[in-house]
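Alright, structures below, take your time with them.
Both complexes shown next keep chain A, but they swap its partner, so chain B is in the first and chain C is in the second.
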Partner chain A sequence: MIEKKELMEKTKRFFVGNMVTIVFVALGILGFIYSGLSLPFFVNELFIRITRNSLLVLALIIPVLAGMGLNFAIVLGAMAGQVAIIVVTHWGIVGVKGFLLCMLLAVPVALIFGYLTGSLLNKTKGKEMIASLILGFFANGLYQLVFLIFIGTIIPMQNEVLVLSSGVGLRVTIDLTGGIKYAIDHIWRLTIPWAALSTSILTMLYISIKFYLSKTRKTIKQMTTAHLYYFSAAMLLALWSIYIMNTDSLFNMLRVPIITVLAILLVCLFTVFIMKTKLGQDLKTVGQDRHIATVAGINSNKVRLTAIMISTVLAAWGQLFFLQNLGTMSTYGSHEQVGMFSIAALLIGGASVSKATIGQALLGVVLFHTLFIVSPLAGRNVFGDAQLGEFFRAFVAYGVIGLSLGMHAWKKQIQARNSLKG
Partner chain B sequence: MMERINEFYKNFGLPRLIIASFLILLCIAAAMVGLPLPALFSAVLVRFGMHGVLVLAMVPAIIAGIGLNFGLPLGILCGLLGGLISIELDLVGFNALATAILIAIPLAMLVGVAYGWLLNRVKGSEMMVATYVGFSAVSLMSIGWLLLPLYSPEIVWPIGRGIRTTIVLTGRYDKVLNNFLDFSIFGMHIPTGLLLFMLMICFLMWLFLRSSVGVAMKATGDNPRFATASGINVNKSRMIGTILSTVLGAVGIIVFSQSFGFIQLYQAPMFMGFGAVAAILIGGASVKKASITNVLIGTLLFQGMLVISLPVANKIMTLGSLAEISRIIISNGIILYALTQVSGGE
Partner chain C sequence: MKNNDYILQMKKISKEYYGNRVLKGIDLSVKAGEIHAILGENGAGKSTLMNILFGMTVIHETGGYEGEIVLDGETINIKSPVEALDFGIGMVHQEFMLIPGYSITENIKLNREITKENIVSKIFGDKLKTLNLKEMSKDARKALDTLEMDIDEWVKVAGMPIGYMQFVEIAREIDKKNIKVLVFDEPTAVLTESEADNLLKAMVKIKESGIAILFITHRLDEVMEVADNITILRDGELVATKKNNETNVMELAELMVGRKIEKVARSKEKQDTAETILSINNLKVMMPGEEVKGLSLEVKAGEIFGIGGLAGQGKIGIANGIMGLYPTSGEITIEGEKLKLNNPQDALKKNIAFVSEDRRGMGLLLDTSIEMNIVITSIQNKGTFIKKFGLFTQINNKEIKAHASNMIKELDIRCRSEKQVTRRLSGGNQQKVCIARALTLEPTILFVSEPTRGIDVGAKKLVLDTLVKLNKELGMTIIMTSSELAELRSVCDKIAIISEGKVEGILSPDASDVDFGLMMAGEYKKMHNKGDELQ
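Let's turn to the complex of A and B:
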C-alpha cells in the first residue's frame, strides 16, 4: 500500500517537474499528425536541424552551471564565427581546409568577444541575462557598423562577390556554395539505417564489454536493469534498420553527416570532462553560491570570465557548423536569432536558469525543431493559414523563455521567504 | 570655477553630456551641409510630442521599483486595439481619438493588473521577465490580429484573412492633436495640440507623484523594506505603478499613431519599449530613479538626435544606413551603461 502511494507521489513529481517538456512532446506529436508530413521526410528534416543546431545549444550549458543564467550573448560568438567566414571567403580558401581555417580564426576573435562579454557581466551581477540580451543588440549595431559602413571606407577590401556594387559594405547574403558549404557534412555520410545499425552495434558492444569487465567486481544485478533496457533498445534499433535496408523505404535515401555528429559528441564529452576538472568544480561552486566560493578562495570573477569565454568559442564553432550546412550566410541576420532560438530549445528540453544538462540540450533541440518543422503546415491544415502556425511558433519560443524565467524567479522568491521564516 | 564645472558635470551626467554635444554637432553639420534647420526643428518637436507619453510610461514603473519597463508592448497592444475599435465604430476626428483612448484605458488597466500580479511574483528579475512577456504578447497578438472579428474594410485585407499590417488613419483621426491650434513661426511648424496634450499628461503625473499614493509608491521604490516597516503595502504600490505604466503605454501609442498617420500591427510593437527605455535613460534616469524632467530632456535629446542624424548622415554618406545603425548602438549602449551603474548584490 505504502509502495503504491510512493509510486503515485513519484509519478506526480515527475509530471510536475517535467511539465514543459511533456507539453512540448504532446504539441510535437499533435503537430506532426496534423501537418500530414510523411515520416521519412520529417525524420530527414529533423536530422538536418539537429546536426545544424545542437552545438549552439550546447554552448549555453557552461554559463548556466556557473550561475550566470542563460547566455544571450552567444550572439557575439556567432558573430565571431561569421567574421571568420567573411575573411576566409574573401581569401578564397575552400572546402575542408577553408572550414578548418575558419575554426582557427574564429577562436581568437571569440576569445576577445568572450572576454569583453564576461567583463561586462561581472559588472552587472544579478542582472546578467538582461545585460547579455541587450549586449547582443548592441554588438549587432557595432557589427553592422563595421561590415556595412567601414568596409570599403576605412577597411580597404576589393572583392566583387562579397562587397556591394557601390564598393562600400558587404552584400546582404553571402553564398557559401563552392566555399565551405557542406565542407564537414559531406566528408562522410551514412544512410539512416546504416547509421542506426552501427550506432546500435557500438552500443551493444560497449554494454557487453562493460558488463564483462564488471562481472568480477560488482554484483550483476546492479548492472543489468538499466543496461538491459539500453541493450534491448539497441537490439530493436538494429533489427529495425536491417528490416528497413531490405525494403525500398525512403529512409534508405536519407543520409546522416557522420563527422558533424562526431563533432557534437566531442563537444558533449568536452563539457562532461570540463565539469570534472578543477575548473569545473570551481564553476559549480561559484554557480551555487558566490560568497562561499570567495570564502573558499576561488576568484569568482575569473571563473565566470572563463565560463563565458568557453561558451563564446563554442558558439562561434556552432555557428560555423550551422552555416556550412545552411550554405548561405545572411550577413546581417544569421546571428540575430541564434540566442533566442537556442535558449528556447534548451528550456523546452527541461533546463532552467540554474540547471542544464547535455541530455536536456539535445532533447530540447529535437522538440523545438519538431515544432519548427510541423507548425506552419499544421497551422495551414487546421486553421487554413500557414502564417498562423509561424506566429504560433514565435509565440512558443518567446513564451517558453518568459515562462521559464518567471517560474524561476517565483521559486527563488518563495525560497527566500521560507528561509526568512525558518 | 573648476568645482562648479565639476558639479555641473556630475549633475548632468556623462552620457547626457555626450549625447547633447553630439546633438549640437549634428545641428552644426546640418547647417553646414545646407539642410533647412526650421523644418528639422519642427520635425523634432513632432517626434518629441509623439514619443513623450510612451517615455513617460517608464516613470511610474521605475519609481515603484519595478525598473525599466521592457514590457511596454503590453500597454501598446491595448492602445492599438482601442485605436482599431474606434475605426470599426466608424468614428471620425476628435471623437475617434477620444473613443480610442477611452476603450484602451480600461483594457490596459485589466492587462496591467495581471501584469502587476506577475511582476510581484518575480521580484528581482522583473526586467528579464517583462522583456519576454512583452515579446510573447506581441507574437500572441499577431495571431489575434489574424483572428479578431473586425470587419471594417479599412482595417481588414481586401482578400484573404486578418487585419492589415498598417492601417492608414487619413480621414479618421490622422494628426487631430497635431493640427489643433497649430501655427507657424520662423518657418517652424508648431504642433500645439500634441505638445499641450503631452505636457498635460506630464503635469498630471507630476501631481500624482505628489499625492499620498504617489509618495507611497516612491517610498516603495526607494526601499521596499523601509516602506513595509512604515505600513505601506509594497505589492499594492508596485501594482499601481505597473497599471499606470501600462495605461500610459496604451495612451502613448494612440498619440503616436495619430501623429504618425498609421497604425502599425504585428511585429511593429516588439521593440517599442526599448526606444522608450533608451530615451528616459538618456534623460538622466537610472534603473531606480526617474523624474518628469528626465522624460522631457531624454525624449528631446534622443528624438532630436534621431531626426537630425538621418538627413545629415544621408548627405554625408549616401550609402548604408548610418543613422539606423547609430540608433541601435546609442539606444542599447545607454541601456547597458545604466545596467552597469546598478550596484550588484555585493
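Let's turn to the complex of A and C:
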C-alpha cells in the first residue's frame, strides 16, 4: 500500500514538474497524427529546422544560469551576424571562406553589442527580461536607421545588387545564393541511416572505452544502468539504420549536414566546459544570489556582463548558421523574431526563467518545430480551414511564451503547496 | 610577536555621521587566541566599529574615520571588505551568506575555488581554469573536521538545519589560510539552545588554534561562558573593559544599560474564576519549520499567557495559525463564537491583534512612515481614520497624526517625528511601532510573538513593562510567545510549553527549573506517565 502511494506521489511529482513539456509532447503527437504527413517528410523538415535553430536557443542558456532570465536581447546578436553578412556579401567573398570571414567579423560587433546590452541590464537588475525585450525593439530602430537611411547618404556604398535603385538604403531581401548559402551545410552530408549508424557506433565505442577505463578504477557500480540503457538504445539505432539501408525507404534520400551538427555539438560542449570553470562557478553564484556573491568578493556586474557578451556572440553565430541554411536574408526582418522564437522553444523544453539545461534547449527546439511543421496542416484537417491552421501557427509562436510562463508560475504554486504537505 | 602579543589594536577610533558623533575614541586590543566580547545596546556603536574594521563603503563615503588600526604590529588602512579579507579579518555573518543550491564544499570555497590549468585557460586566462573539486572537498573536509562536524561535505545546503548552516559559515572562515581575526556578529541569535552550545564549543576550539575572536552578542550568559575579555560600549563611548573572572552577569548588564535591571512587577491577584476567552481544539498549522500538530489549549480572560518551548517545536505556529497566516485546521472558539479559519479578516473582526515575530518581513511596511504603520490595519479593517465623501474616502491625516503622536508618547518610541520611515528605527522602536498598531485595533486578545528578539536589554524591559501595563490597565488578554524562558517567567501568569507541535504541559512561572527543563526537552509527560503506571 505504502509503496503504491509512494509511486503515485512520484508520478504526480513528475507530471507537475514537467507539466509544460508534457503538454507540448502531447500536442506534437496529436498534431502529427492529424496532419497526415509522412514520417520521412516530417523527419527531414524537422532536421532542417533543428540544425537551423539550435545554436540560437543554446545562446540563451548562460544568461539564465547567471540569473538574468531569458535574454530577449539575442536579437542584437542576430543583428551583429547580419551586419557581418552584409559586409561580406558586399565584398563578394563566397563559400566557406566567406562564411568563416562572417564568423570572424561578427565577433567584435557582437562583443560591442553585448557590452552595451550587459551594461544596460546591470542598471535594470530584477527587470532584465522586459529591459532586454524593449532593447531589442529599440536596437531594431537603430538598425533600420543605419541600413535604410545612412547607407548611400552618410555611408557611401556602391552595389547595385544590395542597394535600392534610389541609391539610398539596402534592399529588403538579400539573396545569399552563390554567396554563403549552404556554405557549411553542404561541406559534408550523410544520409539519415548512415548518420544514425555512425552516431550509434561512436556512442557504443565511447561507452565501451569509458567502461573499460572505469573497470581499472573500480567504479563500475556508478555506471551500470544508465550506460546500459544508452548502449542498448545505440544498438537498436544501428540495427534500424542497417535495416533501412536495405530497403528503398525515403529515408535513404534524406541527408544531414554533418558539419553543422558538429558545430551544435561543439557549442554544447563549450557550455558544459564553461560551467565547470571558475567563470562558470562565478556565473552560478551570481545567478543564485547576487548579494552573497558580492560579499564573497565576486564582481557580479562584470560576471553578468561576460554572460551577456558570450550569449550575444553565440547568437550572432547562430544567426549566421540560420541564414546560410535559409539562403535568403530579409534585411529588416530576419532578426526580428529570433528572440521570441528561441525563447518559446527553450521554455517548451521545460526550462524556466531561472533554470535551463542543454537537454531542455534541444528538446525544446524539437518540440517547438514539430508544432510549427504540423500545426497548419493539422488545423486544416481538423477544422477544415487553412486560415485556422495559419492562426494556430501564429498562436504557437506567441501564445507559447505566455502559456509556458503562466504554467511555470502555476507549477511553482503547486510545488510550494506540495512542499508544505510533505 | 610584536607589540605585547596584541594581534589587533584599534586606537582612539572616532567616527562622525553628518556631524553626529557615533564613536568617541574607542580603544580595543585583542590578543591572538582570545575571545573578546563586545557588548552594547543597539546604537551603542558596535556595528559602526565593525564596519570600520571591514572597510565598508558606507564609512568611506561619509568621510572615513579617525584613529589607527594596528594589525600584527603594522598600521593598516582598510578600504574595502575584500582588502579586509586579504589582511586576514573574517566575519561570520548574522544572516547566512550561503548559497542554498550549492554543496557545503562549494559554499566553503565560495570565490576561493581551487582550479587547475587546461588548454583553454592557457590562452584565455585564469578565469577559464577548471575547478578542482577533489582538492576543494579535501579542504572542506579538513575545516569541517576542525569543527568536529560529521556531515558529508557534498551535501547541499538547502534543507539543512539552521545550526548546521552556521557551522558551514564558520568552516568557510577558518578555511581561509591567513585568517587572524574572526568576527562573530550575534551568531546565536537564530540558534536553539543546544545549537548555541555547540557553537560556543566550536569558538573555543577556534581560539585555541590561535585565532582572535571578536564576539558580538546580546546574551550575557554566553559572554560569561566563553569570553576572556569583555568590552562594553554605550552611546558610542567605551564604558569598560573587563576580564571574565573579575565580573558577573549583573554587573555587565548594569554597565551596558547604565541603569539597574529589576524584575517586572507582576500582579498576583488573578482569580481562576475568570471566563475562558479562547479555546483551541486539535489545532494543526502548516507553518514550515514551526508546524503545530493537533494542539489543544484554553486561555482565561485577563491573563498573560505564555507560550514557550525550543525552536522548531511549533510554538510560533500557534499565533500564526489563529491569525490565518498559514494553512490551518481544527477548532478555535473566541468568547463562545467559532473563528473562521484561514481568514485573517475574521480574526481581526473578532478583536484579535497580532504582533508578528517577523518584524521586518511581516510586521512593518519598512519604507512607510511610523504613523501609517500604526493605523494601516485599522483603516483597512475597522474603517477608522478616514473621512467619507459619498462614494469616496480620504485618509484623515489630522486624526492619524494625533493618534500616532499620542502612541509615540505612550510607548516612548524614539524617533525624529511620526513621519519618519520605520526602516531606520532600532529594533526596539520598531517593535513598539508594531505594538502600537496592534493597540490601535483595540483588541480584546493580543498575540505577541518573540517581542524581544533582536532587541537590547534596555528596550526589552520597556517592551515587557508595556505589555504588563496593558494587561493591568485595560484588562487585555495577552498571549505571549517567546524563546526566552526567563522573560516568560518574569511577566506571565501561566506558561504552556510546546514540544513536537503539542502542549507538553502548563506551568506556573514559579515552578521549578527542573520541570521547565523536562518539558522543554519533551520528557515531562513520559516521566510522569511512567510514574502513573508504577502507582
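As a convention for this text, the second predicted complex is superposed on the first by the 396 of 422 C-alpha atoms of A that agree within 3 Å, B and C clash if a C-alpha of one lies under 4 Å from a C-alpha of the other, contacts with A are read in each partner's own complex, and residues count from 1 in each chain.
To be clear about the criterion, a contact is a pair of C-beta atoms (placed from the backbone, for glycine too) under 8 Å apart; a residue touches a chain by one contact, two chains touch by 3 or more.
Keep in mind the model is a prediction, meaning the values are calculated, not measured.
Undergrad: After superposition on the shared chain, which partner residues are touched by A:Ala293: those of chain B (first), chain C (second), both, or neither?
TA: In the superposition, A:Ala293 touches chain C alone.
Undergrad: Which holds for A:Thr247: it touches chain B only (first), chain C only (second), both, or neither?
TA: In the superposition, A:Thr247 contacts neither chain B nor chain C.
Undergrad: Spot which of chain B and chain C makes contact with more residues of chain A, would you?
TA: Partner touching more chain A residues in the overlay: B.
Undergrad: Does the superposition put A:Thr328 against chain B (first), chain C (second), both, or neither?
TA: In the superposition, A:Thr328 touches no partner, neither chain B nor chain C.
Undergrad: Could you say whether A:Ser232 touches chain B, chain C, both of them, or neither, answering first, second, both or neither?
TA: neither
Undergrad: Of the partners chain B and chain C, which touch A:Thr285 in the superposed model: first, second, both, neither?
TA: In the superposition, A:Thr285 contacts chain C only.
Undergrad: Is A:Thr277 in contact with chain B, with chain C, with both, or with neither (first, second, both, neither)?
TA: Second partner only.
Undergrad: After the superposition on A, what does A:Gln413 contact: first (chain B), second (chain C), both or neither?
TA: It touches chain B, and chain C stays clear.
Undergrad: Show which residues of chain C lie in contact with chain A when the two form their complex.
TA: 81-82, 85, 93, 97-102, 106, 110-111, 113, 115, 120-121, 126-131, 286, 288, 327
Undergrad: Sort out for me which residues of chain B touch chain A in the complex.
TA: Per the stated touch rule, the residues are 70, 118, 121-125, 127-129, 131-133, 135-136, 138-140, 142-143, 146-147, 161-162, 274, 317, 319-322, 325-326, 328-329, 332-333, 335-336, 339-340, 342, 344-346.
Undergrad: Considering the complex alone, what residue numbers of chain A touch chain C?
TA: 273-274, 276-279, 281-282, 284-285, 288-289, 292-293, 295-298, 419-421
Undergrad: Across the complex, what residues on chain A touch chain B?
TA: 120, 123-127, 129-131, 133-135, 137-138, 140-142, 144-145, 148-149, 153, 164, 166, 168-169, 384-385, 387-388, 391-392, 394-395, 398-399, 401-402, 405-406, 408-410, 412-413
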